[in-house]
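Reading through the structure tokens given below for one structure.
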Amino acid sequence: MENNLLEVNNIEVVYNDIIQVLRGVSLSVPEGSIVALLGTNGAGKTTTLRAISGLLKPENGAIKEGYIKFDGTDTTKMLGTDVVKLGSVMVPEGRRVFKHLTVNENILVGSITRKDGSRKIREDNEMMYKHFPRLSKVTNRMAGYSSGGEQQMIAIARALMAAPKMLMLDEPSLGLAPLLVKEIFDNIKHINKELDTTIFVVEQNAKVALAVSDYAYIMESGKIVLEGSSEELQDNPDVKEFYMGITQGGGRKSFKDVKSYKRRKRWM
Amino acid sequence: MSANKWLATGNFFTTYKQEQRTFLTNLDQSFFTFFLVILFGWPLLFELSNKSMLVIDNILIAIVAVMGLNLVTGFAGLISIGHAAFVGIGAYTVASFCRTIGDSHIIITHFWPLLIIFSGFMGAAFGAVVGLPALRLKHLYLAIATLSFQMIFQWVINFMSFFNQGQTIFVGRVFWFTGKVGRKDHYVFWYFVILTVVVILGFGIRNLLKTRYGRSLIAVRDNDRAADAMGMNPGLTKVYAFALSGFFAGVAGALHAYLYRGVGFESFTLHESIGYLAMAIVGGLGTLNGCFWGPVAIKFLDLKVESLAELAGQYLPSSMNLATALKPFTFGLVIVLFLMYEPRGIANWWRIAKSYTKMWPFRY
Amino acid sequence: MKNKKVLFLNALLVIAVMFAFTATANAGGKVYKLGMSLAITGPTSDAGNPYAKGTEDYFKFVNETKMLGDDTIDCTIRDDQYKTDITKRNFEEYLDEGIVMYLNYSTGSTLGLKRDFEEEKIAVLPASYHAGNLDDSNYIFLPVASYSEQLVALSEYVVKNHKGEGKAKVAFFIHPSAFGRGPVDDAKKAVAAGLNMEIVEVVEHGKDLDNSAMLKRLMSKDVQYVLSHTVQSPVATMLKDSSRLGLTAGSYGEAGKLTFLGVHYTGGNDLIALAGDACKGYVWTCSFNLTSEKNDGTTKQLALAKKYGRDDKAANSHNYAAGIMVAQVATEAIKRAKAAGLEINKENLYTTLNGMNGKNGYSPYTTIGPVTYSKTDRAGVDMLQIYSVQDGAFKKVGQPIQSEYMTKIK
Amino acid sequence: MSYFFQIVVSGVVVGSIYALAALGLVLVYKSSRVANFAHGQIIAAGAFITYFLTVTVGMPIFFAFLASMIITFFLAMSVERIFLRRLIGEPIISVIMVTIGLGSIIDGLIYLTPFGTENYSFPTFLPQAPLTLGGVSISWTQLVGVIITFLLIGGFSWFFKKSTVGISMRAVSDDQFGAMSVGISVPRVFGLAWATAGLSAAAAGCIIGNITGLNFDTLHSFGIIVFPVVILGGLDSILGAVVAGIIMGLIQQFASGYLDGNWGLNGTGDVMPYIILLIILLFKPHGLFGVHEIERV
């Protein structure tokens, strides 16, 4: 992993000067790869993502320790807009499409930070409908009336309009039907191949995420507890049990399994 | 109950009933009684000029009005930019009596306490009617609806000949057990009356907030859908809030009419409504003691600026309208600064001071 | 150590300054306190501002030129933003300070405080010439003829100079307030008493951006004269609208067109400033000398303004003249009371003012006629000068007139 | 009949001027959800700056007009910068009160100048004779006013509909966090919204000043007068502001044309907008063109 696009080194994030959420997180994303960050609710995944994209401030959070480097530039103290300009764009959790804008306007907004001429932007705009053919039927509809899957596509397309080097996705599978989840992740893979965009995806759905990613980190209580290539992790029994709901025997996980608490502890 | 009845050294409540007592410790109670005695007693000892008494009376009336505004805006979270119009309703209730039965009729001069209460109910009635749009409207739309009420009120007063088209309608001098209250005693007499009203209404609000209804007000402010889900009726609560606020305003208006011995429309314009809002904010929205701090602060500021401007005006070129410029400027500046640096108002300083004394010698 | 020293020096300085002030304030003879409350801001500030300047300057002039010998007048001027409440507060404060005469401003507050004036028995000179000020009151002295008198006189002027057949048809364009509505009833009474005109409509204007509809309506009702009694700004809008609609009479009383006339506060230089060319031919009554007509009085007025560094706009305003005028009347009353060897207090000034009539009438340089007060007549200058706009300035039309019907309807 | 048409024409003229005055409020609300009660003061400031530049400095009025628009552009931007930026996310009452306080501060500043209390009027620069067509007439001032109004409103509509910056301004009003995530600088958008509002306020001030003359009291009262217009139009819709402006203009003119002077009514033009507004709000709580919250549960 010699060519890391993103490098996060031992960051600590504190909200409201009181609540420490991240306790020294380090990770790196190599150029051109798909990296996944897995973890349960409240593990600090979203906070990590916000720290990387410079969006902690609106939530009253701050990075107290460590540094973040993107494409060779230190972005620890940078604000969202500048990070986007550098080429790292996030698709926020819950999509956050602009409900009262049409689908096409939503996509166009993404190009706000670009300076390379309107022709190029128009071309990219059309490209998006090639990536997401579903959206081409609803270009002039209010985005708020679109389905969850469409909204996720809009959000991804919007982020891609900034022509990013790295695309960060926060729980793209949230609230979507399994079939749609698959479609979205197919899209992600496609984008990674076609546009050569590095992808950093935060997920709870470990199974899907590990299937598409090259490398993965697992977080718990503000720390990275496990990392490895996706194939490795897929075979890790702990991961299997806690994140994929498969017991060692291969059957469904049962609540009766009382050992889990102990095993979980061993990681820390 | 705490072991020490005089000094609270922590939270020892074991029942809700204890927590809801009006005075938490005997010290609180004696302190408050002492304070009341001073408030009622000082005019008997010192004699202030008429102007100072007028200013003080005026502040007390503003306190009554701001208590009403705080109920609707501070506690229930409904912005009202038409509060002066409600105050006007109260004042014009008295004025209407004067117009129909003459300004020195026995009802006006002898039964004035009843008339003041009646004005309060008139204010409440109008408050309920104006509150009706609150069933459907939210936030800014509601604020503008109250603004509309203010404008319509102004127009009605200004154009109806019954209301003397906005000109002053005189109100006669009242009688007390000692006979007619003359010019000399007028302001002191009304000081006592208004102070009594303030004390009664202040206790009223304090106790109200401890009832189911008071809590539902706050619940509706914080999240009306959740309140709805909890089985409260947010629509009805909002209308109640407006009605109650109208009652306070109506009482304030009637007091204003008697104090100034006349009712003219300039006292109930949009500008006054904004003034009341400013007082509520500077005092501290959603707090009872803020209702006292706000009017005191704003009215004193007004007076101080006036004298300051007069002083400065003597040394500046005469072409500058310094005196006139300073008043709106400082008024605006105070509002803006408070909102920027102390959005919880003076009441917050009071809270900090109080908790400091309570915790002393510890910091937290 | 250093801080303490600085602090000490500062304290010394403050004390020194304070002493300096008390010293200047006490120099000379007696000080007569006067109080004035007026709207320097608020709805009628455009009039109140120069008015206040006039009063201030004249009292300064009195003190500096030792017009009252060693005695000085100390007149506090406060802004009341056209609010009766604040006026009342100011008035109470002045009373506490022991004023001997009170100068007021707005119609609303003069009416609203009428009872206080009666109870305090203090002479009041308001800037409001509302006839209602005189009802049930003995202490309010109007500086000039009341609005009613002015409007009736203007109506008489219309009737006398009416061109065309039949009755003169007029409309009143008035301010939506007590100030505006007051004189309308008197004008109606004058018509009932035999004044040969017809009041077609009384328009109370709002904040209109466009008066076309109103003007067309008046035209359709054959109105020939519009008499306004309001402030300048709405009149200016109306004049502009009328002129662009081509409804304004080219010469006075032109048939089939509208001729505009107005009372005291509708005219003056502000109207010209606001309406521009559209106010050509506008007819206006005023009891003050205007600086557009050079004479002895206006020269003095301009000199006063220059002495105290007022700009041209204030210096040439008739409101500035009005402000000077009330100061002149107050000073004159004090002077006369002093000459008669009376103590300067509320009662004596009141009687002095009431004695200001006949050959004792007082002619200040700012007005076109003498100021006369008596127990029965408390309107000062009874004469009215008709002015009309020619070449961008108000010019005299004929000799001062006096209303005939006003005495009949009383 | 020509009386009727005159009223219609006057109503449309007055209404479009209302629309222009309302535009600034809509622009600010649209992106930052702030109801600006200091708008009237900015309108007045714009008019006075134009006057100052033409009469005192001696610029040609057209350039003065443009210059004043540019000055208020930056003025409003700095106002946002200094006072409102800290209040992002505060409750609505705080924001309303801050703008009220701001209005008061500007009042004070204007009172420091002679403009606060005295009357002025712009030098005439348009033909004085009216345009008359079939008994209905309209002045050049009004006509130019209406044209400028529609140019500006058209321009802004295009800006919001087509330009990326305009779309991003709408995006901010929709979802601030979402907007930040794609790299929109929210503070800059707010500043821009205030700046464009200032620009339109200056234009409105000049046009109103040309019609009524320059009187501070008259000018700044427009900040309040246009509130019914804005609310009726639905707060964040430019089209709504235009339609509501014209409706209000017509209501006013019809009220003063047909109600005043009959049945003892007077000055109805001032109050009718508020009455109509209340009635409409009861049936359409978001105004005529207001955005309904799209909620997917």
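Quick notes on this one:
Letters A, B, C and D mark the chains as written, and numbering starts fresh at 1 in each.
Heads up, the rule we're going with is that a residue touches a chain if its C-beta (ideal position, glycine included) is under 8 Å from a C-beta of that chain, and two chains touch if they have at least 3 such contacts.
Computed from a predicted structure; not experimentally measured.
Shared contacts of subunit B and subunit D, meaning chains that touch the two of them, come down to C. Think of the whole protein's Cα atoms as having one middle point; the chain whose own Cα middle lies nearest to it is D. Between the CA-based centres of subunit C and subunit D the separation comes to 35 Å, rounded to the whole angstrom.
One simple way to say how far apart two chains are is to compare their mean CA positions; for subunit A and subunit C this gives 75 Å. Centroids built from CA atoms put subunit B at 53 Å from subunit A. Distance from the subunit A centre to the subunit D centre is 43 Å, each centre being the mean of its Cα atoms. Within subunit B, residues 158-159, 319, 321, 324, 327-328 each touch two or more of the remaining chains.
Contact with two or more other chains is made by residues 40-41, 45, 49, 176, 204, 311 of subunit C.
Taken residue by residue, subunit A touches two or more other chains at no position, since every residue touches fewer.
By the definition of touch given earlier, these chain pairs are in contact: A-D, B-C, B-D, C-D. On the subunit A side of its complex with subunit D, the touching residues are 53, 55, 58, 79-81, 83-85, 89-92, 95-101, 105-106, 108-113, 121, 142, 144-145, 155, 158-159, 161-162. Across the interface of their complex, subunit B is touched by residues 35, 83, 86-87, 90, 92-94, 96-98, 100-109, 111-112, 114, 116-117, 224, 227-228, 231, 235, 265-267, 270-271, 274-275, 277-278, 281-282, 285-287 of subunit D.
Subunit B meets subunit C in the complex at residues 49-51, 54-55, 58, 158-159, 164-168, 170, 183, 260-262, 264, 266-267, 306, 310, 317-319, 321, 323-324, 327-328. Residues 2-3, 6-7, 9-10, 13-14, 17, 111, 114, 116-121, 124, 128-130, 132, 137-142, 208, 211-218, 221, 225, 252-253, 256-257, 260-261, 266-270 of subunit D are the ones that touch subunit C when the two sit in their complex. Remark: subunit D residues 164-165, 167-168, 170-171, 173-185, 188, 291, 294, 296 touch subunit A in the complex.
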